[in-house]
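The two complexes that follow have subunit A in common; it is paired with subunit B in the first and with subunit C in the second.
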Partner chain A sequence: MQHFIDFFSFADPNVRYVVLGNVLLSASAAMVGAFILLQKKALVGDAVSHSVLPGICAAFLFSGSKNTALMLVGAFITGWLALVTIDYIAAKSKLKKDAAIGLVLSVFFGAGMVMMTYIQQSGNAAQSGLDHFIFGKAATLIGTDLVIFSVLAAVLLIAVGLFFKAFALVAFDRPYAEALGYPVRKLDLLLTSLTVLAVVTGITAVGVVLMAAMLVTPAAAARYWTDNIRRMVAIAVAFGVFAGLAGAYISYTAPAMPTGPWMVVVSSVIAFLSFFFAPKKGIVPKLYTQRKNQRIIAEENTLKMFYHLGEQNSHFNGGRDLTELTRTREVNETLLKTTLRRLVSRQLLETKGHQWALTDAGYRKAARVVRLHRLWELYLTQYMDIAADHVHDDAETIEHIITPELERELEHQLGYPERDPHDTEIPKI
Partner chain B sequence: MIIHTQEPILEVHDLTVSYSRKPVLWGIDFTLPSGCIAGIVGPNGAGKSTLLKTIMGLIPPSSGFVKLFGHPLEEVRNRVSYVPQRESVDWDFPVSVLDVVLMGRYGKVGLLRNTGTRDRSIALDCLDKVGMSPFAKRQISQLSGGQQQRVFLARALAQEADIYFMDEPFAGVDAATEQAIIGLLREMAGTGKTIVVVHHDLQSARTYFDWIILLNMHLVAAGPTEQVFTEEMVQQAYGGRLSLLSQVGDVMEKRAFPSRES
Partner chain C sequence: MIAFWIILTGALVAITCGLLGCFLILRKMSMVGDAISHAVLPGIVIAFLLSGSRETLPMLLGAGATGLLATFLIEYFHRRANLQTDAAIGVTFTFLFAIGIILISVFAGKVDLDQDCVLYGEIAYVPIDLWVTANGTILGPRPVYILAAVLLIVVLFIKLGYKELKLTSFDPAFASALGISTALWHYLLMAAVSLTTVSSFESVGAILVIAFLIGPPATAYLLTHELKHMLAITVVLGVFISFAGYWMAYWLNASIAGCMAVITGVCFAAAFGYQRARNMNKARMSEGLPPAGQAAG
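For the complex of A and B:
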């Protein structure tokens, strides 16, 4: 708890720097990342983040010191060069975009590693800590760096804000944007530059290798929560900020823990939770809906058993035992028992010793399901010319989903029929 | 058989278009009068969509030029509207129906400004015209094919242009939507708008269009439907006697030969 208070009071200037730096970089990365994701260029983000490494090394070789501003410039140049190269290869050669990305990523990163190894072997004392740029080290953030990052983040924020509409249009319908006279190529170039900028802001804290994750993961997670592009960008930024804060906090409480990798882990966890639990689109809510449907089907089928047995001797409210029920329809006995129990608790059935019987409400529900089944069978034979012996299986599904409005329409179109194609009576309620 | 019009609203002059050196359209040359519904008709691979895209400036021609209202496209862009093929976009994109229609206003508001309340009411109006106003708030992935096409049409209407280019607006839509769309196009033509439609159904072409551009890599015929849309012309376009043309194209691609000497 004490950690928590210490951390969030931001009394320690180091904490202030790290937190502010993290929040700025993850927010701007997430914002740009949303558009990269929507333009289906997620891999490009990965390529550019790897490609800034040779620029950083070149800047060091050039100046002989770890001057942040100079390194950012170097990083920006090679990152940008990599993107332009990818586009050029994809446009002018037989290679497709994925191959171009793979090629550029490995060539640039390889060159960067060669340069870094050379620098480390050169015995230059200033080089210690240069390797932090690979995986990042947030603790190395200092006040002057922060000024640079704030400026970069502000530039990103303003640029994305200004061109939001245009970026969205190009991502959705490129030919249309072109036909409207929008400078599509220039907008591409702008988004490319913003991507490189976003990566560059992150290299000190997160490092070049992991920066791609901070670009794409928050946006991918956000897509699960909304169908509105504005909200999606806002949620992505919120996720990014949370990951930045959490990363800083974790490495504060456990100093051995690296900030950047933890930011990535946190945003991955957010993405993971979104994939599974986001309402509607997540896997778990989808499974839940499926389960609910299965349950409805089991319940309605069980009620139908009682109705069918009732039809045989016109005694719909009579008690039935398990053997009698299982004779009418092939059914898993455990499932039948749980369904019976549920129906009793919903007062659609009542127990009579070892027997079950329909209540009045249960009878009405059962009759309705049978009725829908037979109406649908009739509809299939009359309107879709399907043979009477082929309609049963289809009706078995449709009977569970027809709404009262559809039911009325169905009845109306069929002229309020009395009997189904098998000449059994269609129950009225 | 090419019948020119005296006061053309669209002039396509000796247009040749190539994909990586391989010509797909050869010397296309025709004119359109204003206020007509014109159909670009031809077999698969005839270059119908390519012609439309070249007119819209999306593909640079190897030679020739296009003039709209007597001007190059750049000067009259805000009077020209384009409806791309429905399949060309990702319908899972996180925008609503109204958002898509509002894109039709983006040309008018410019690069940096946002759409305002007036644009919004125009967009809603256009949605109403295509019978989609109940769907304004709907996310676009929940639309049927016909509804998607109507949304695209509404977006084009929102541009308030004078000439409309539509790429296969009837492809994969239900009969009701097809009738609704053609009704709307006739209404637009009645108010003096010109509409150019890429179409591949010969049967309906005769009734839908009052001007026909019959295409099969080269221009077979262009002019008023009753004059040029004859059995003979259709035979020429669909007869497949032009395999030599595509063979020459293949050779040009293989040898990386330019379509003009200079």
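For the complex of A and C:
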């Protein structure tokens, strides 16, 4: 607890720098990342973060010292060059974007490695610690770095704020944006530049490999919670900030722990939880609705069996046993048994010894499903000109979906029919 | 002799990666190689902790397991959660890599590993890692044997499964209509990629593995429409890159893996330029103009 208070009082200037730095860069990366994700360019961050290496080395060779500002400029130039090259290759050859990304990433990083070995052999003492730029060391952020980060983060925030609408439009509907006269290519270039800026800012904290996660992971998680882009960006930023705080806190309580990787692990965990449990889009809720629908379909199909059997002798409430039921429709017996049990507990069926019979409520429900089936068959033959022997399968699926409003509309359109295309009666309720 | 072993190692990795990379490009899955080559880190660390040594076999097993885990997670999130593929790749491999780095920091005293070696590799040390038999005969560098074995496995895999791999890459729907399981071949290919990545990375590093997985096949893809030619061009390019990369590194006294990656880029740029020029000439001809470079009229 003491740790917690110490940490969040920000009394220690070191803590203050690290926390502020982490939060700024993870928030700005997440913000830009949301647009990158929507444009399906999630791996672009990976390409840029690897491609900054030659720029950093060139800046070092040029100045002979580890001047943060100069190295950021160098990093920006090669990162930007890499992205433009990727776009050019993808546009002008039959190679897909992912191949272009992988190619540019490895070649640029390879060039950086060549320069790096050259620097290491040059014997310049200042080169030690240069690899922090590549592998990240958030815990070593100092005051001057923080000033640079804050400026960069502010630039990102303002740029995204100003062009929010345009970016959103380009991300969702490119041709429409073009038709409206938006300068789509210039906007692409601007987003590219902002991406490079975000990567360059973040790389000192988390390193080349993990930078891709800072851009994409919070945005990917946020995508599962909303369909509204403003909310999505806000949620992504919130996830990013939380991950930044958590990472800094973990490495504060356990100094051996690296901040950057923990930031990534925390935001990955958030993302995994979102993939699984986010309402509507998550795996578990989707599975639940799917199961529920399957149950409803199985129930309605079983009720229909009783109706069809009843139709043969106009005795709808008669008891039926398993063999009789399985004769009407091919069905898995265990599924049939569990469905029968459920229907009994919902009082749509009642048991009579080894037999089951429709209750009044069950009869009404069964009649309605059959009615929808036959109405739809009639609609297909009359309005869509489909032959009567081709309409059954389609009706078999739609009968579970039609709402009461649609039912009334169908009835009205068909002129309150009595009989279906197979000349059987359409039940009335 | 040192040069020979290094070039041989490079060529072996280049050929193995390139052959598999051809299929990855055709399946638009190039970045999966990138993901696997990074995602092996935690597997290596865990294998190292459990076995307590840098023995090859436990490392291969550990890394192979996390490599396959990565492909499985990517596939799972893509299919089940409907996550776009690029995001699935980005989220998965960075997560596994982060876990790897954390494990290294936690067991810093016990693990003689760092992330540099995963990214850069140590191809220059290959000739030192000799395989000495019990009675003292020196048979040459160990990695060369391992890589040759992997190459053999990959060549056999492609030879035996050529029809299936080709069909599932070009026309998955037709392949499944013929009763070929696309999922099975997907995972077989991924297993082959994992095996290759894992056995190569120690010698050449993740970056060069990516360069070899994507570079030569991408170059060959621009030059031909025929899969067999593409595979052949990839092999030739791989050998050439290994040679040229080594001599460039020798001449500059710089990172060998880095130089090989740069040569890969140069080869691609040449093929790209050639293809652009050809296309422009075609466009000129179709407008009734003479090809560029010839005097008009």
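The rule is simple: the second predicted complex is superposed on the first by the 313 of 429 C-alpha atoms of A that agree within 3 Å, B and C clash if a C-alpha of one lies under 4 Å from a C-alpha of the other, contacts with A are read in each partner's own complex, and residues count from 1 in each chain.
Heads up, the rule we're going with is that a residue touches a chain if its C-beta (ideal position, glycine included) is under 8 Å from a C-beta of that chain, and two chains touch if they have at least 3 such contacts.
Every value quoted in this text rests on a predicted model; they were computed, and no experiment measured them.
Touch counts on subunit A: comparing subunit C and subunit B, the chain ahead is C. By the touch criterion defined above, A:T338 reaches neither subunit B nor subunit C.
Of the two partner chains placed around the shared chain by superposition, subunit B is the only one that A:M232 touches, whereas subunit C remains out of contact.
In the superposition on chain A, A:Q347 makes contact with neither subunit B nor subunit C.
Once the two complexes are laid over each other on the shared chain, residue contacts for A:L169 go to subunit B alone; subunit C is not touched. Of the two partner chains, neither subunit B nor subunit C is touched by A:T424. In the superposition on chain A, A:P183 makes contact with subunit B only, while subunit C stays out of contact range. Under the contact criterion defined above, the residues of subunit A that touch both subunit B in one complex and subunit C in the other are 40, 223. Residues 37, 40-43, 45-46, 50, 89, 92-96, 98-103, 105-118, 121, 131, 135, 207, 209-210, 212-213, 215-217, 219-220, 223-224, 256-258, 260-262, 264-265, 268, 271, 275-276, 281-283 of subunit A are the ones touching subunit C in the complex. On the subunit A side of its complex with subunit B, the touching residues are 38, 40, 162-163, 165-166, 168-169, 171-173, 175-183, 223, 226-229, 232. Of all residues in subunit B, only 53, 56-58, 74, 77-78, 80, 82, 84, 88-90, 93-96, 99-100, 103, 106-107, 111-112, 114-115, 139, 141, 155, 159 touch subunit A in the complex they form.
If you check the complex, the residues on subunit C that touch subunit A are 25, 28-31, 33-34, 38, 77, 80-84, 86-87, 89-91, 94-95, 97-99, 101-102, 105-106, 108, 115-116, 119-120, 207-208, 210-211, 213-215, 218, 221-222, 249, 252-255, 257-262, 264-265, 268, 272, 275-276.
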